[in-house]
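What follows is chain A paired twice: with chain B in the first complex and chain C in the second.
Here is the complex of A and B:
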């Protein structure tokens, strides 16, 4: 057997390659640059890398190719759109992550140890979070464009492993943070195992690891259907875990709560885009012809996810946990875009992912600002009267909440409308009805937070609003502007998505 | 000329001016707000003079593509019905601003925010009546909840945050049901030759009767919560109790009309068959509302809640007039919407002044006002008479038309509803007797009468109540063609009055 040297299309792969290069340089920076310059260098490098990658993506926006990397990576409209969404969300998140006060000075030190105190005292802040983020982002960029199961799995691990670490980096409440990281890692490993298991069955079914090969078997109907069903089921479990759909959601509230808030925001927004991106590609291209076998199950999961997320969020007293359950509910809404299985559903899902991601980063950025002397205050009772203390911050948070609730003139409404109408068009009326019902329930707890912030008197317990740094401020302002702009003038983005978003196979 | 967009833009410009004023300069904020609303009123009246009243087509239409991917347009246009409601709204807003000159002071937030919210709300009130694109209507219908929510929660009294939340949750729930129906309509329209939200195009869709019934319910429940129809009314007394009088006027006088307006404009036009199917049920609910609102009003000790319950009764009349499916009923209902706006405004504003002077809203605390503050007492009396539809005042004409219009087709309902008029006499005359004419309650001796600003604010409202009572034809000339048009479109002809078969 002779070795065939791989031919790679470097232009098409450049957005991902740039990120990987940036991440590697980041590791070197961490090792060799003095601590005084480290933080600034890392930040500049990371943002530079992301912007360069985005610019490169813009250049190739009209390209379509199945052969970017020997048939393992596809570049098409949805790929470009999803990658661009991930990059924009990543840039916004990095600006919030740049507030290194959130992160432990020395992740290797034991919580509460003298070593830890020493490094805080001497200002010896390590900044490995930047290269970790870049690695995670490159995995996320690869995940929705992978067209064979091996690449898909590599991408999944590439995005997950750094996230496991990042979840444990919190400076305060380190034990909770480490517990969250461990929980995320263990459950994540399980789901990866399921994913791998599903891959094996699909290979057994079609004797191919490429998505195109599996699709041929599904269309031809030649293989053993039991293998297909098992393969689909296990692969879906892996994906549903990543998006946090019920009953594979158990990790998300704890991880959302334990992880450093900037990371939570990044994770909630960008991971969703990547995982749903991959899910859309797999279901829309590979499994489309086997709709009869998965659509009822996924519909059921979507309905349960929406209702569960909304109802349980009602009982939350912690703002991060509440946002975690709200993100579960949103995963349910997004699943209705998968079920729709039509062009409108694809367009709507991409729009929804972008709009939701931006609003999520903004909302978590605001959570980082509400603090007392021992760090962030996430207990909702202590958010009382925030509107009086800091009307602008509270108004921005209210704006994000209204977008999550899907109130008109915010991006959330356009997203909900488009995704539900696509699902309704495909006949999934039950899903749409459940979605509307859970939106009504969800509105209740979003509004409760607004009531707390604006209509109750502040309590004097030392809770205050940190003056946001320039970077965080930029991130919040940009997010709220996008959230409103997409609610009032969504037409340009919608038509941009509509013209680009067609899967090639 | 883009009259309607201009109308909607003026309050927004006013908001911008207010936004750049310093927070301390409250007088300037108030003056700008009043000037802005007066300019809107003047522009509205100028537009109204150009309205061709015999033309049943939509007028002053505008149409721009908004979200082409979904076939959504920014489309505006008005007929007689919307014109009347827009005129009512734009008269009420300056009245509210002037009448509540000192209202926002007691609020949780600044005076500036109060007027920003009021002006934004005015833009939305015009838009909601003028929209001819279903999506645009829905967007405004839902978005206008937010300013009202903050007006109640931020400037109200008592259990204001609870009341604000109750109001918002009820309305959002109804709105979401309507959203489901809108999505269904959109999908049906795209399967029948192109996705659209254009009202005219949507009314021509082919639907099975089950679909039509379900979609009708989605819309109707949303509107019935707004309007409020028994048994979906429970948010209203709390909201009216907690809101400032000015907010209550806008809430009951204008926003709730969106419910009854929606029944005519959307339920009847889009789902004519389903409307006929549900008419018997809705008429019963309407009659129950009339009696229930009236009976509960009699039992109220609190002035604001009393006014809220009278409104439930009045909305029962309006709904009955709409679903009686006769042109008199429709004309009556539309005129009723207009008149109710002013009689409720009068009651709430004068009631509000009484309450703020006395520091209590219990009816029994107002004894002897007739002697101490004669002008205020007379005004309240007149407003009360308008509310019980005394002949010679404007609401008599509309109530009479509604009852006549209903009687020709549904005599039993009309007869039962007539008891509502008797009860109305009770719920108005009991407080008037207790509060105004009884012995002076201790503590009332030094209350001051209406000042010049208050007199100026209430004068136009009173003038409309009295003048339209004697001479309603300018308004009816605008309303009648629109009402007959709707009835004709539904395929009804007015039954000839019979004399009992003899």
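Here is the complex of A and C:
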């Protein structure tokens, strides 16, 4: 048996490698830098790493390779676009995460213990959230570019494990936060098991772990269809869990609510891009060739997801839970881009992911600002009259909500319009119909919040708007500008996506 | 292929820049805003003169030039460019708008000197000039429509400029709402043209007329006429013009006498190819013009408010133009000629009225004037020249232009010609009557002033523009008609077919007109010069006077026919909306929320349940795929 030494195309892998390097340095910083400098150093390091990675990505934007890492990683147009979206969303999120007041001083201490009080008193704030975020981002970057099942699984775990931890880092309501982390971990492991199981079936079907090998078998139609079917179903469950599609969504409201809000925003935006990126690649390049149609099943899931998310969001009284259900509904909308299986569907999905991700980070950033003496106020009843007290913040939030609702002149409208028209073109009329119906339902609860903020009188209960830090402010302003700019002048980005976004096989 | 030019846009850009700068700079520009606005309007005028000189030097078929600004709308095969077209017709308007506009800017510097919001006034004036230029320079109906709405907006802002008085604010709203009806007509015309011809550019529509059926053309024509009726205050949408006099007097001179209200005439003349191919629509144009010219003239006889009398006269004079434009290829050029001369003399008289008001503490009631000739000699002379012009006394401007219209009306042929001829002659007589009445009440007789009034001549910044316009009133008719210069200038634009059946020789028509004018003047003298004028309008007057004072009942008619049923309709609609539609919406909303609440229960917080969902989902998925495969 001869051993072939691995050849890696470091240039193409560099955006991911930079992130991993940055994360490792972050671990060292956490261990060795004095607590006075730690926070600043970590922030600078993290942002520097992300920007460097983005710059590197820009450099290689026109490169294409099937064999960036021995056939396990592919770099092509969609890969570049998805990775860039993840990085931009990550940078915006880090600016919000930089508000360390949101995070527990010492995650290892028991909630309410003397140890915890001591570290708060001495200002011994640990900042492991930065390297954790960088690890998660590297996993997210790898997820949509992986072309064999092993790498895919490694990437999935690489992005998931740090997220489980990060969900438990909240400074206030620590028990709820830890409960969320545990739930996320348990259910995530459960779904990972399905994912692995699916991998095994697919290997059994095609005797290959690479997407190319599986596609060959699918095109040839030589294998045992039962194995393919089970493999597809189980692999899909793992992916659908990550994007929060019904009935694999149940973790998301609890985790969104329990996790520190900056993490929720990051998770909701970036994880979706990564998971949908991987899903698009697998469905468009492999499963699309299956001789029988799996799309009715995914269509059903899409329809149920949209309707369930929209209807249940109506009944929410907590802004974070409402946004969680809204994100479930958006997962349904995005699934219609997967079903479309045409070029327009791919373009629209990428646009939608970016637009939705940016708006989500902005919306959660604003949630971090509405506080009283004991921390964030997420009860919607106490958001009454916010528009009168803080017109700028409330207007920005209204802008994000309008984008979620898909109102024209926001990025959400362009995203919804293009993704639905792509799905309609491909014949998925039922999905589009359900999508429009649930958009109407969804518009109700988005606009209800706007009415609450602007057209009801404020209540005097000590709820106030924190003056946002420069970094958070930048993040919010950038997000709202992108949201509006993409609604008014979507053409440049759309045509950029259209020229780049073609999967190479 | 039409020649391209790159400088047409400056005509619009200059005043537009003025409006933008003045509005954005705010109070900082209070000191110099009016000067900048005037300078920009004047520069636009000079650009217009330059364009005219270029045009003169080209052979007649190469005179029109166009400029593409940018691709405006591009959907599939449907493309509209924002483009400008400067031809023999639009250059006339450009010079009228910017020329008279500049004079009125100058006048307003002094007239509005004591108004705290003078800068805003000038910003709106510049905005109006820009919009009006876009209206006459647009190369398609859609571009024209933008200018059309723009002047509507500027007119609204300027009529209601003193909106702290509720009555003035109402007047501006009335003008705006009544104009909307006309605007609907224009948008319908554009829609029909697009639906049937697939284009809305002037050139495109003109080319498509031949392949279009007459009913469609008639439809477009009638809709264009509705638009013209609204904008030009023609019957039955004329009621707003009198109220529009609430605006500052320079506004009345510029917008409601010389320029905006003539946009309807422009629209019909510009659309000559449609009306020439749609005789029914053309006949309607004539009828509307004839009714309005009588209507306006009759209202003019009963008004004591000097501005409202002039407004009624404007209505009537535009009726002449519309009538003439409805007479087809022979009439277009004369309609435009009357439009230009009217622009001079009517603007001049409005400025004169403004000058009188300026000297009389903003008094508008002519019964409180009298004997102002001595106090305001310059105003008297300039106003008097305008008066001679509108009467049509040779050799003043109106003589040339109005006679041409009367002549054309007689020559229209058959009983139509006779009726129109008589109407136009009668109109001329009534015009002479009410204008003489204005002159007598204002400038002659004994003073009937308020105690506080101290009439004085206006400063030179005000009388200079009046003098220039008066010179125009005296000479423009001769200049435009000598050697048929305007007719020849415009003739390449209109399809000419020489049909000449003269009913009466020109000299007889002129003589008849002069006789009618003399009768009108004589009656006015007998009625108003021989006896004392009541300081308060007498109450026990004939029913006709009373009707005329009430604008021939037009407001009451509008109220009974449109407003009341409209209010009833809205009430019913509101009720339907509240009970049926809202009820349904609320029911759906309640049902939706109930669904959400019941679905929410599955989210019970236990991980074991969530895992069970995933398991059930997995099973369901496998079953579903199985079903699909089978």
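Just so we're on the same page, the second predicted complex is superposed on the first by the 502 of 505 C-alpha atoms of A that agree within 3 Å, B and C clash if a C-alpha of one lies under 4 Å from a C-alpha of the other, contacts with A are read in each partner's own complex, and residues count from 1 in each chain.
Assume contacts are C-beta pairs under 8 Å (C-beta built on N, C-alpha and C of every residue); 3 or more make two chains touch, one makes a residue touch a chain.
Keep in mind the model is a prediction, meaning the values are calculated, not measured.
After superposition on chain A, the partners chain B and chain C collide with one another. Contact with chain C, but none with chain B, is seen for A:308 once the two complexes are overlaid on the shared chain.
Contacts of A:444 after superposition: both chain B and chain C are touched.
When the shared chain is aligned, chain B comes close enough to touch A:420, but chain C does not. In the superposed pair of complexes, A:123 makes contact with neither chain B nor chain C.
By the touch criterion defined above, A:294 reaches chain C but does not reach chain B. Contacts of A:221 after superposition: neither chain B nor chain C is touched. Applying the stated contact rule after C-alpha superposition, one finds that A:407 touches chain B and leaves chain C untouched.
In summary, superposing the two complexes on chain A brings one listed stretch of chain C into steric overlap with chain B, and the stretch in question is 221-229; the others among 5-13, 221-229, 329-337 or 401-409 show no clashing C-alpha atoms.
Shared interface residues of chain A, touching chain B in one complex and chain C in the other, are 444. Those residues of chain B that touch chain A in the complex are listed here as 65-70, 108, 138-140, 142-143, 145-146, 150, 153-154, 160-161, 164-165, 168-169, 172-173, 176-177, 179-180, 183-184, 186-187, 190. Per the touch definition, chain A reaches chain B in the complex via residues 347, 388, 402, 405, 407-409, 413-414, 417-418, 420-421, 424-425, 432-433, 436-437, 439-440, 443-444, 447-448, 451, 454-456, 490-491, 494-495, 498.
Residues of chain C that touch chain A in their complex: 589, 592-593, 595-597, 599-600, 602-603, 605, 607, 609-611, 613-614, 616-618, 620-622, 624-626, 628-629. Those residues of chain A that touch chain C in the complex are listed here as 182-183, 186-187, 190-191, 194, 225, 229-230, 232-234, 236-237, 241, 246-248, 250-251, 253-254, 292-294, 296-297, 300-301, 308, 311-316, 441, 444.
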